Amino acid sequence: MILRDPVHGLVAFEGEDEKLARALLDTREMQRLRRIRQLGLISLVFIGAEHSRFAHSVGAAHVMIRLLERLSQVMDRVPAEERLDPVSRRDAIAAAFLHDIGHGPFSHLFEEIVPKALHHEDWTEAIIMDPSTEVNRALRAFDPEMPERVCALIRKRHPVAWLSSTVSGVLDVDRCDYLLRDSMMTGVRYGLYDLDWLLRVTTLAPFHSSGRLRTILAIEGRKGLSPVEDFFLARYFMHQQVYHHKATRAGECLVRAILRRASELVREGSPAAAGFPPALRMAALGELPSLSDYLELDDMTLSVALFSCEKNCDPLLSELSRRLRNRALFKTISLPPNPEKAWLWEEAHLIAKDIAKSAGFDPDLYVWLDLPEDVPYRDNREGEGMWVLVEPGHLFPLGEISFTIARLRNQRILWPRLCFAPELRDCLVPAVGELLGRKDPSN
Amino acid sequence: MILRDPVHGLVAFEGEDEKLARALLDTREMQRLRRIRQLGLISLVFIGAEHSRFAHSVGAAHVMIRLLERLSQVMDRVPAEERLDPVSRRDAIAAAFLHDIGHGPFSHLFEEIVPKALHHEDWTEAIIMDPSTEVNRALRAFDPEMPERVCALIRKRHPVAWLSSTVSGVLDVDRCDYLLRDSMMTGVRYGLYDLDWLLRVTTLAPFHSSGRLRTILAIEGRKGLSPVEDFFLARYFMHQQVYHHKATRAGECLVRAILRRASELVREGSPAAAGFPPALRMAALGELPSLSDYLELDDMTLSVALFSCEKNCDPLLSELSRRLRNRALFKTISLPPNPEKAWLWEEAHLIAKDIAKSAGFDPDLYVWLDLPEDVPYRDNREGEGMWVLVEPGHLFPLGEISFTIARLRNQRILWPRLCFAPELRDCLVPAVGELLGRKDPSN
Amino acid sequence: MILRDPVHGLVAFEGEDEKLARALLDTREMQRLRRIRQLGLISLVFIGAEHSRFAHSVGAAHVMIRLLERLSQVMDRVPAEERLDPVSRRDAIAAAFLHDIGHGPFSHLFEEIVPKALHHEDWTEAIIMDPSTEVNRALRAFDPEMPERVCALIRKRHPVAWLSSTVSGVLDVDRCDYLLRDSMMTGVRYGLYDLDWLLRVTTLAPFHSSGRLRTILAIEGRKGLSPVEDFFLARYFMHQQVYHHKATRAGECLVRAILRRASELVREGSPAAAGFPPALRMAALGELPSLSDYLELDDMTLSVALFSCEKNCDPLLSELSRRLRNRALFKTISLPPNPEKAWLWEEAHLIAKDIAKSAGFDPDLYVWLDLPEDVPYRDNREGEGMWVLVEPGHLFPLGEISFTIARLRNQRILWPRLCFAPELRDCLVPAVGELLGRKDPSN
Amino acid sequence: MILRDPVHGLVAFEGEDEKLARALLDTREMQRLRRIRQLGLISLVFIGAEHSRFAHSVGAAHVMIRLLERLSQVMDRVPAEERLDPVSRRDAIAAAFLHDIGHGPFSHLFEEIVPKALHHEDWTEAIIMDPSTEVNRALRAFDPEMPERVCALIRKRHPVAWLSSTVSGVLDVDRCDYLLRDSMMTGVRYGLYDLDWLLRVTTLAPFHSSGRLRTILAIEGRKGLSPVEDFFLARYFMHQQVYHHKATRAGECLVRAILRRASELVREGSPAAAGFPPALRMAALGELPSLSDYLELDDMTLSVALFSCEKNCDPLLSELSRRLRNRALFKTISLPPNPEKAWLWEEAHLIAKDIAKSAGFDPDLYVWLDLPEDVPYRDNREGEGMWVLVEPGHLFPLGEISFTIARLRNQRILWPRLCFAPELRDCLVPAVGELLGRKDPSN
């Protein structure tokens, strides 16, 4: 099976890999990922970013095949019990295909707004393990234990730790694909690192921790520093420029408002909630949606549902929905990013809510304190993070040995902002500006 | 206003252009294009091709600005009455933004399946001219006559013919953008021609035809041949490899089948047709949908409608819908492309329908004769086509002067195929193979 | 050994390939290719085209490794005696490294101007076979017969014909690399075809000709048509836009004039010829330069020699040399490309020479009739050209089955031009214009 | 005048710019830059890096035109006396063309080895100011004061400081071009930053320092941080991976050895020094070469001279020269980069020289202590460095406001290494390893 991909060009699955790819790609649950955009509402700001989680999953599996091909060159360094074999290789490729299978619509929004919603990782596990899904059936057709092993890889409880870290780690195939893909599709080129070279300098090395010896993914030699520094800087820039972009976040606050209002209507038993998707209704009531209801949710069904709220009999819901449809996003004021000034965030939020109330807007729907954060590079002495094999037997933490990564290491970066309806701007900006001691806090 | 775009990088609309861009992009009708994919079902085959007509329209407007900037360097050659002025410049940019505004979901499928449907060009005109639309209001806010002039540019009835041809012509901003965009997003790189160089060699020249002198868009000098040959070859390759790809076409036949069955149910007054979108119901009844009903249709609403047919009480509709959702596309057999052998196509179609009937499949839903065609480069002596200004005063038709385009000129290329349910394959392939004298006609 | 390359990114030679690469790249004769530009004087026109034949040779070897990797997937179709084995694989990679080893300075100019000069192919053979060279020694260290087998591959007399055709054929690794490299370095993007896809559709097939069955390189299936059409069109465009560009050719005529005058001085025994490189002196006298003298010639030594002629006591040589140094190239008039009008070329040449003489310029140095030509795609029934394996057992000539290649097939394309000193322009242009019936023939 | 360039694609000089470009590019001194590679000996390691300073100079002028076009949008913020006018615009473009005109062969090597050699900046000034050069004449033809003003821009003594900083500053057109060009040509993609976006965020701002108000180049708003961070990180990576690559530096030490030996021979009045280029002879004698002698030196003439030393009667010179020709570069041992350990460098150097002496090698020719260093980003309170205009009137130093640049700011990074003849390796590695406490110090 040969696919064309904007990011990787030719993507070929051949021999045993082709069997696996066909078996998984044709499942109903993988096909659903075609209808879930990788970047959710970000296409409201970056007009090209319509790419699906389906394409990303195929890309991640492609990178996995390349990575394992590279690592097989150094497999003789690995003790027998941790060595790659045809079975664990297939498991790893399956895990790459399936790592996002549990994602809901609009990226993380759904799980965020509904308190009792499972996290997408839990849904991923449910979809892989539940015997009713086509994915589960496809995996079992290879081997009855395969679903469990694939989950173990994704959830980091697999006995071969290094293999797990290729699926979920600081430098995993998920990130490898999405940085390139998001970068290309948004047109923000900072995410374009050199994948060929990165794969080339990846290796495996023995690592002692807590009295145990295990194999970890590592960077080979000082020559590997630049490609891996470039990778983490790419990740840093993409958060700065895309994932936490103020207009995206403002769009997300608007959807949050719609979902919050919709949930209220469900809980009130309002007739206005009649047509909502079952999964949304269950979640709003604090109950767990069934797997099949959850799988009905995707960007398309949820968008159509949200848009149709424009005609809802609840005036608040209808009004918010119209804003979304017409892309009348909320406005933002950035707050001081220093966590020691967190009291200012709350203060600003209170001021804003008061202003909203006086202006006749529901403060819980029209004013939001948005607190996105990111740690660009995380490591610790237990083996989390990346290690550099400077010479045989000498592993050093990337965060110590690299001049630039040392800067990003374990830093929590915050982009605190107030988001609010544009109508509040004229009152809100001077009031918050006064609090912050800035003339124009919207910059 | 600065946008990031995967194709053009930075896309800036500044000064007067910014006003226009803001006014148009924020309309409800332009925002709807976010929900219509440029390539319809082609993402079923090319996994990255999820880009929207919205991004394409922005790209076309960007190319228009660059083209007019280039042409303004030679504007002194143009008689006063055909010269670009601020008003016609703004009209042309608006036309580039709006040229696709009337497109329905799934590319051309909707208008194809429903006999009385308006063509997308007619909907485009309706949307621009109807005083109820936000687009019409936005244009009128600039100038009451602007809607009419913009339509004239798009429908080729504008008094300044060369300006019309930048919107709708053999080398227009629509093609300039979509070849690059589709090429990049599908990963099929044949569509990547050199836009910078193409703009550079574009010029304006006086042209005599039917006793009248007018200005036409032309290519400047022999040095312009290569970029423009490359452009038309790119177009040729994209048709060959993408637009008429067999799997895409097979997917479209499946959607055709669903729409045909749905239309039947509407006409029969079946309760199974209850939840269909109003525009679809009207069209099925041979009536013209209202503009607002038409505008409710987009890839999302139609997809959700088609997918929900899986639970329809009509077993045929339900069965077809499940195939689409699970991407169980039809299979194809290619037929001889020579139009003199058209009788073989009909013959093969009849054989296939008989086989379907015997196998218990509705032949009008499960067997399709698909006849895509394209003329890679079209010209005539009336001025259609491209002209090359070899030296001042000496215009030659591109189709005569270019070694490669002479080959493509006015050639009608056909890709005739049978499309059918996979279950029919074992009976159908040998039967049609015998007719065609080929062992395996599925190649 | 891992190299970085602007065209292919990472170029890795590993295991046995690394041994071969190290052995060959470190030879004095391969190192000399660092000092010979791939495109000779073309950098006078395309300012970035300074790339060396050394980088090209490395690139060709890299493509060979990729091509053989691809073909090894279909090697089971090949009869035992034509199958790739480790020895023939190594030979082929060596041939790719060495195919240009005999090239002299300034591309083909040296062999063109000096009547008895060997062609670069003959020098290639001499360098590989002569026991005094480091290349010969390096090959013999692997296997005493290796030099002969490598020559056989390059000179198309190897028993395994398909392998020879990967080194010297219509679609060989030489072209595969140079189209991409020249395209990138000149900034003329028409040469950028899709190498990944091209390799993918390459296959091997049995072929009957002259009562003999042999294996040939072929294209797999109709899906392979587009990449291979694109490749030959890329080649066509590069000839049109780069290799036969008028300014390049005018620069070459100037160097021809210098070499011609220098040769005359050698033959006259003039003291002015004292400092010329020995190889040049021998060639001018109609004798064969020694291999070691030939190897002393490269772009650097010849350039320094030509430039130093500026101070030569022969006024003609000095004058021509100063023009080159200051890039005062000749001017050109294009002549009708139709070979039936070849009499016009001679006529124009005579007129021009007369004008030169009257103006006091040596007509054999300051006026040149330049007749570059190319056949964009060549095939015949003996197996030259490319074949398409439409289905197993059914081979068709590319030139018949492809719509676009049919156009280029066996077409001889000419770019006849007069080249002359700029001082002659004012007299020459009207005189030749009158002959050709054109007002301004310099366009 | 339209040029094709691998980096910038189309490079057009039009109107007044075309006149300037023609006048300068055709001068003998600019043409000489065709024969000086941008990266000197780096092509010994990165096989594609053959690009010339000529192409770079054209690229720098192209970036200058784009930068000034961008800045003219904000020129109304600038006081009249610092505003761009047609004359200063032309001066700045000329300065971009000419900023490297004084460079000698092999990058900085020539000036480094010869104690009394002028720096290339001094030669640049001499070439522009000396009435005998074609460059001087070309500039004077525009305006008698132009040479002086162009020099003032290049040497940072121009009254309009911001304009000077576009030629020589932390973010100047020189760096803008060479990072992209070197990155592309070496195949090391870390240097590829986003020029379009960088130009977009560049602005001009009033700046108070030492009681004076002047205009400086600045970054507009926080949105400009990412592109400018990316630029300085690109610079940092290119130093790490390319400019200070160990094999490059080892090659340079070999050339240093040849030049040192050649200088000795000149000073000794040895007949072996007979054929050396006059400029080299003068420099070796501690005298200033004449301008015309200096201009005879380029990569070609110096290479041919160095290579011909292979046949020199001085055995040392001959031996060193053969190494260069056959690319038998020196080997390296990296030393601890901490400047507090500088005593170890000297220690290691002494040990190495002793070992060389014992082995019969001249320690001053065959052992070198190489101390390349770089400050990735330099700023100070006097206005050196880059400033960010966070909001109107509020300028902050980039090094304070940027999370990543704060890390690089005013850091002196060192890559100390021993370079030595490969024959010394077996003795030297253990001896130095012991000193450094490392098993294998060659890693």
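The first chain written gets the first letter, and so on, giving A, B, C and D; residue counts start at 1 in each chain.
One rule holds in what follows: contacts are C-beta pairs under 8 Å (C-beta built on N, C-alpha and C of every residue); 3 or more make two chains touch, one makes a residue touch a chain.
Since the model is a prediction, treat every value here as computed from it, not as a measurement.
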Interface with more contacting C-beta pairs, comparing A-D to A-B: A-B
Farthest chain (mean CA position) relative to chain C: A
Euclidean distance of C-alpha centroids - chain A vs chain C, Å: 51
Whole-Å separation of chain centres (CA-atom averages), chain A against chain D: 43
Whole-Å separation of chain centres (CA-atom averages), chain A against chain B: 34
Shared-contact residues (touching 2 or more other chains) in chain D: 9-10, 194
Complex contact set, residues of chain B against chain A: 3-10, 26, 28, 31, 34-35, 37, 43, 46-48, 50-52, 54-55, 58, 184-188, 300-301, 303-304, 325-328
Residues of chain B that touch chain C when the two form their complex: 189-190, 192, 194, 221-222, 225-226, 229-230, 233, 236-237, 240-241, 390-391, 403-404, 406-408, 411, 413, 439-440, 443
Touching residues on chain D, where the partner in the complex is chain B: 2, 9-10, 12, 194, 196-197, 200
